[in-house]
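Please read the structure below before turning to the comments.
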Amino acid sequence: MTKQIKKIAVLTSGGDSPGMNAAIRSVVRTCAFMKLECAAIYRGYQGMIDGDFKDMTARSVNNIINKGGTILKSARCEEFRTPEGRQKAYNQLKKHNIDAFVVIGGNGSFAGGLKFNEEFNFPVMGIPGTIDNDILGTSYTIGFDTAINTVVEVIDKIRDTASSHNRLFFVEVMGRDVGHIALNAGVGAGAEEILIPEQNLGLERLLESLKRSKKSGKSSSIVIVAEGDKTGKNVFELKDYVEEHLPIYDVRVSVLGHMQRGGSPTCFDRVLASRMGVKAVEALMAGKSNYMVGIRDNNLILTPISEAIKAHTPVDEELVRVSDIMTT
Amino acid sequence: MTKQIKKIAVLTSGGDSPGMNAAIRSVVRTCAFMKLECAAIYRGYQGMIDGDFKDMTARSVNNIINKGGTILKSARCEEFRTPEGRQKAYNQLKKHNIDAFVVIGGNGSFAGGLKFNEEFNFPVMGIPGTIDNDILGTSYTIGFDTAINTVVEVIDKIRDTASSHNRLFFVEVMGRDVGHIALNAGVGAGAEEILIPEQNLGLERLLESLKRSKKSGKSSSIVIVAEGDKTGKNVFELKDYVEEHLPIYDVRVSVLGHMQRGGSPTCFDRVLASRMGVKAVEALMAGKSNYMVGIRDNNLILTPISEAIKAHTPVDEELVRVSDIMTT
Amino acid sequence: MTKQIKKIAVLTSGGDSPGMNAAIRSVVRTCAFMKLECAAIYRGYQGMIDGDFKDMTARSVNNIINKGGTILKSARCEEFRTPEGRQKAYNQLKKHNIDAFVVIGGNGSFAGGLKFNEEFNFPVMGIPGTIDNDILGTSYTIGFDTAINTVVEVIDKIRDTASSHNRLFFVEVMGRDVGHIALNAGVGAGAEEILIPEQNLGLERLLESLKRSKKSGKSSSIVIVAEGDKTGKNVFELKDYVEEHLPIYDVRVSVLGHMQRGGSPTCFDRVLASRMGVKAVEALMAGKSNYMVGIRDNNLILTPISEAIKAHTPVDEELVRVSDIMTT
Amino acid sequence: MTKQIKKIAVLTSGGDSPGMNAAIRSVVRTCAFMKLECAAIYRGYQGMIDGDFKDMTARSVNNIINKGGTILKSARCEEFRTPEGRQKAYNQLKKHNIDAFVVIGGNGSFAGGLKFNEEFNFPVMGIPGTIDNDILGTSYTIGFDTAINTVVEVIDKIRDTASSHNRLFFVEVMGRDVGHIALNAGVGAGAEEILIPEQNLGLERLLESLKRSKKSGKSSSIVIVAEGDKTGKNVFELKDYVEEHLPIYDVRVSVLGHMQRGGSPTCFDRVLASRMGVKAVEALMAGKSNYMVGIRDNNLILTPISEAIKAHTPVDEELVRVSDIMTT
């Protein structure tokens, strides 16, 4: 019934994350292994619309597994949100004899793929690539493990200078509306307090906690603040607030920013990406479409994209509890 | 029925692994959080026999979460294998008012704890700390993630010089009788071939694979060899064998050795260790004994030590397949 | 004439820098080697005033050579600027039988030591510890090499995401009134433009340069901005200015902040600190005072503190020229 | 008199070192800046003989400054040692309109260039690229700083496991006939003993030193052994010797090997390489030939190749003394 798939395209879309290149490599090499043709699409859906395609062989992806970012570039694309844009994209795919595509990205990219599939009945498979780890249907997204290690390494450095001067640091980390990076990196870095969007403990509690920490004899304190935190204050306002209400502290601020998106991926992210790439191609060849590849307890699974984009993964309540105990 | 637990001891035993300090910190702080007393035992079971104990408070474990090795030192201990040794250990525990202990280590350490429990009905809880990831009852042991990242970072460096000179490298990694480190780090580093104890593909296949790799246009090749590999040749003999039978290659050897046991733990290992420490103390307080804490799909679980030490975790067959596809 | 020196104190003062611990270790061990007593003073001049002293042996400084920050803590101290404060400090030194001290820090710390010496004729030796590399009388200060590597590693990560999205980044680095960190890290990171306090090229030139860079086919651009830059705009205002006048760029900002002060020191900084510590003690024992230890072409030299604090080291004009050529 | 230089070639030769790519980039971009043509020669002198040339523009060297190894590949070349080989090389240079070349490498590569110049009066300029830092006429060779940092980072890891088990490690590092890597990395890593080719202290002294170290209360010991060490025993034989004569130690061996040649270069090596590339091209344009670019106290200098290849740089006696004091 469905057309036999002979050529698969791969693209990266939305914000980049470390490990995307490993996923691209995996899709390309799995195609080569299965004697399928493979094309890369540059600059996400914008490149799909513009016809920015390139045929790939197993050798095209040599020596990229250890590279951050995405060799295919990425972009957000307004035009793909319009029927006209998607029609152009479809025309380009047909022109280049593409029978299916794998999109590596986050929720927005998957939603675009789903819409496209509904209109053109075109096979689409998603691989979750984002540092935020906020996608339902997988325990880990590609890039998350690298990002939390980057944050922890930086906070280890900040800790050196913080404890040399008995200072309090507010460190803002990424994560958009979810606190996964803040919570995991905060526990990993031994932060004294972690402020995440999912939990608004109030500023009173923060002051109490900092007082207790100082009293307990700690020489320095690190407070991790997720960018989407709901205290109503940004990280600079938090500094002012604490300095006013708790003048025992010399306070500093550090906003980690985009370095969290880059860097050579960790082994975990490279392996995860390699496995997901294989699964994505195999699922397409098995006639599946509109799924996202995920991982649960070391097993690869498929989740309908329609399910995956419904909500963000909640934070792990047990880890929140561990975090509280560790700051004793 | 069972005596109320008021004081818990923690020790590290066997080979050290990165993240052991984070686990020690977690046990100590969980005790503090639960208003329990806590003691550290130095040098594993040997220190238990010798009475090398020290009382710990939450502040005793400041600034150790990021440190490799174990601040409690570790050792293998022959004396603990004898009834006399274990009797001495018991006497010391009683003398220091210890009601239960948490042992962080591998199979041998757990077996010792189990034996001890059988003789003295003394509550024992295990936390899996080893870089080998070979323990049944947990998807991850503490230290494995750090070790595979260390290996991948080193191989990334070796790749630089290998491809500058079009060389073939045999890189020996740790893992004792199991291939987990070799397989994961090999996939992560993009190795051309991975030799693990669980699979003896024969030297013929190795030559075939190397020939194919050269022919496909690859400029360099990395072959990962697990230390327990079953080809019947060590890594230096492999070099000689390949140079004799496949003179197209300029071959070099690198034995990574003990650097794989050290280094600041990754965020993953720090978080895992923090969670396992909490679980271990809570399980003891819930009246459980002779269990090992493990993790499955991000949930902490308990496995009877008697089960955990029965066998090694087998390698992931699906990852072996991914590895084959990636070397296309 | 001068009193025989039998006991030397060491302190760190002002902003901390990576390698200070290696310098402390070196002073302590050189004293031990020369059969001198040695005391540590905590929290800089404030600890000197407060009598926060601790006797040190060669073993007191085990395993600190690789640690960032300073185990002696550091602080800026207003009280030491007053005659009363310095009198208290002198009384404490006498009380603890200290015959001379080595101060590890920057210009302000040296000026304090010089003033103290003038009043009490007390032997003082300086070791330059600051990430800014702005001290006359030495080619390198302790911590500079580590800081520029930290900056380059972070910019390598930012480059990954910048080139994935064809973005322009303004990256603010430390350095107070001097551009050494910006210039060296900028050349090392392959920055497209470097804005330093010593050179105000004007905003027009920046726009020209960015236009040329875009036209030449570069997919991303990194502009390094020293914190003391004299364009009259901070890094966020620069972003707004460029977005307004050069709308071809998607611009982002990253302020690296205090992470630049921390981290395990590089081999260069560890060796430099080890050498300077030996020289400082030997100079004191040779009857010298009021000097700062420096390095010129791999030879240790002494410069009168009065000379060292006169001005900042100018930037290397030849390196500015190299930087211009590299951005071709 | 001499022909006007319009096109310059660049090659890497001999063992690779981190920072070679930064030097290639600098030569290429300096040519572009000076409106000269530039060609790359692949695989060193072998590629010169084979005519493996490629024209380069400023954009050809984008994003390579941070990469280890050499994008031009390197090789040792027997054929270039023969008059016939050199004649072929000359013919290829003429055929490709090359007027001068810059060779990045070590002594052997420079000697080849000198010989070539003598026969064909062809302008040659050398840039010292080797991790060994053994070349007269420069305080630093490109790659040395990266290599000593790699060694120190690895030994920091080994130290973790060594002190967890109270072990003694013999760590073999590179350096061929000279002890620069061993001495600098040994001081940087806080090694208890450093064995270098320049100093044969005898095995007796080693045993004395290890005994003293144990007695002083040190929990672990690291002995660095340069590969060219003159004790008459290799690192495995040293282990056996110490275990036999000093059974108080549990001894392990680690041979670091080729990882020391790879890795992303440090900021120091990138800046050094950038500066040397500019100087090399400028010297050629100023009519100079048969010189090697070097650095002395932050100033770039030229040394006749005939001088540079006469001997190895001796180790710094003052640093040997510092090393002795530090192991107090």
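Letters A, B, C and D mark the chains in the order given here, with residues in each chain numbered from 1 onward.
Assume a residue touches a chain if its C-beta (ideal position, glycine included) is under 8 Å from a C-beta of that chain, and two chains touch if they have at least 3 such contacts.
The chain list, named the UniProt way, goes like this: A, B, C, D = ATP-dependent 6-phosphofructokinase.
Computed from a prediction, not measured in an experiment: that's the story for all the values here.
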For this session: Could you run down the chains that neighbour chain C and chain D together?
Result: none
Exercise. Most remote chain relative to chain B, going by C-alpha centroids?
Worked result: C
Problem set entry | Approximate Å spacing (C-alpha centroids) for the pair chain A, chain D | 40
Exercise. So what's the Cα centroid distance for chain A and chain B, whole Å?
Worked result: 28
Problem set entry | Whole-Å separation of chain centres (CA-atom averages), chain B against chain D | 36
Seminar exercise, completed: Where chain C touches two or more other chains simultaneously, the residues are 156, 159, 163, 219
For this session: Take each protein chain as a node, join two nodes whenever their chains touch, and name the resulting shape: line, ring, star, complete or other.
Result: ring
Problem set entry | chain C - residues contacting chain A, complex | 12, 16, 18, 67-70, 73-75, 150, 154, 156-166, 169, 219, 252-255, 257-259, 261-263
For this session: Spell out the residues on chain A that touch chain B in their complex, using ranges where they run on.
Result: 25-26, 29-30, 32-33, 58-59, 62-63, 65-66, 139, 145, 148-149, 151-152, 156, 159, 163, 184-185, 187-190, 216-219, 264, 266-268, 270-271, 274-275, 278, 296-300, 316, 318-319, 321-322, 325-326, 328
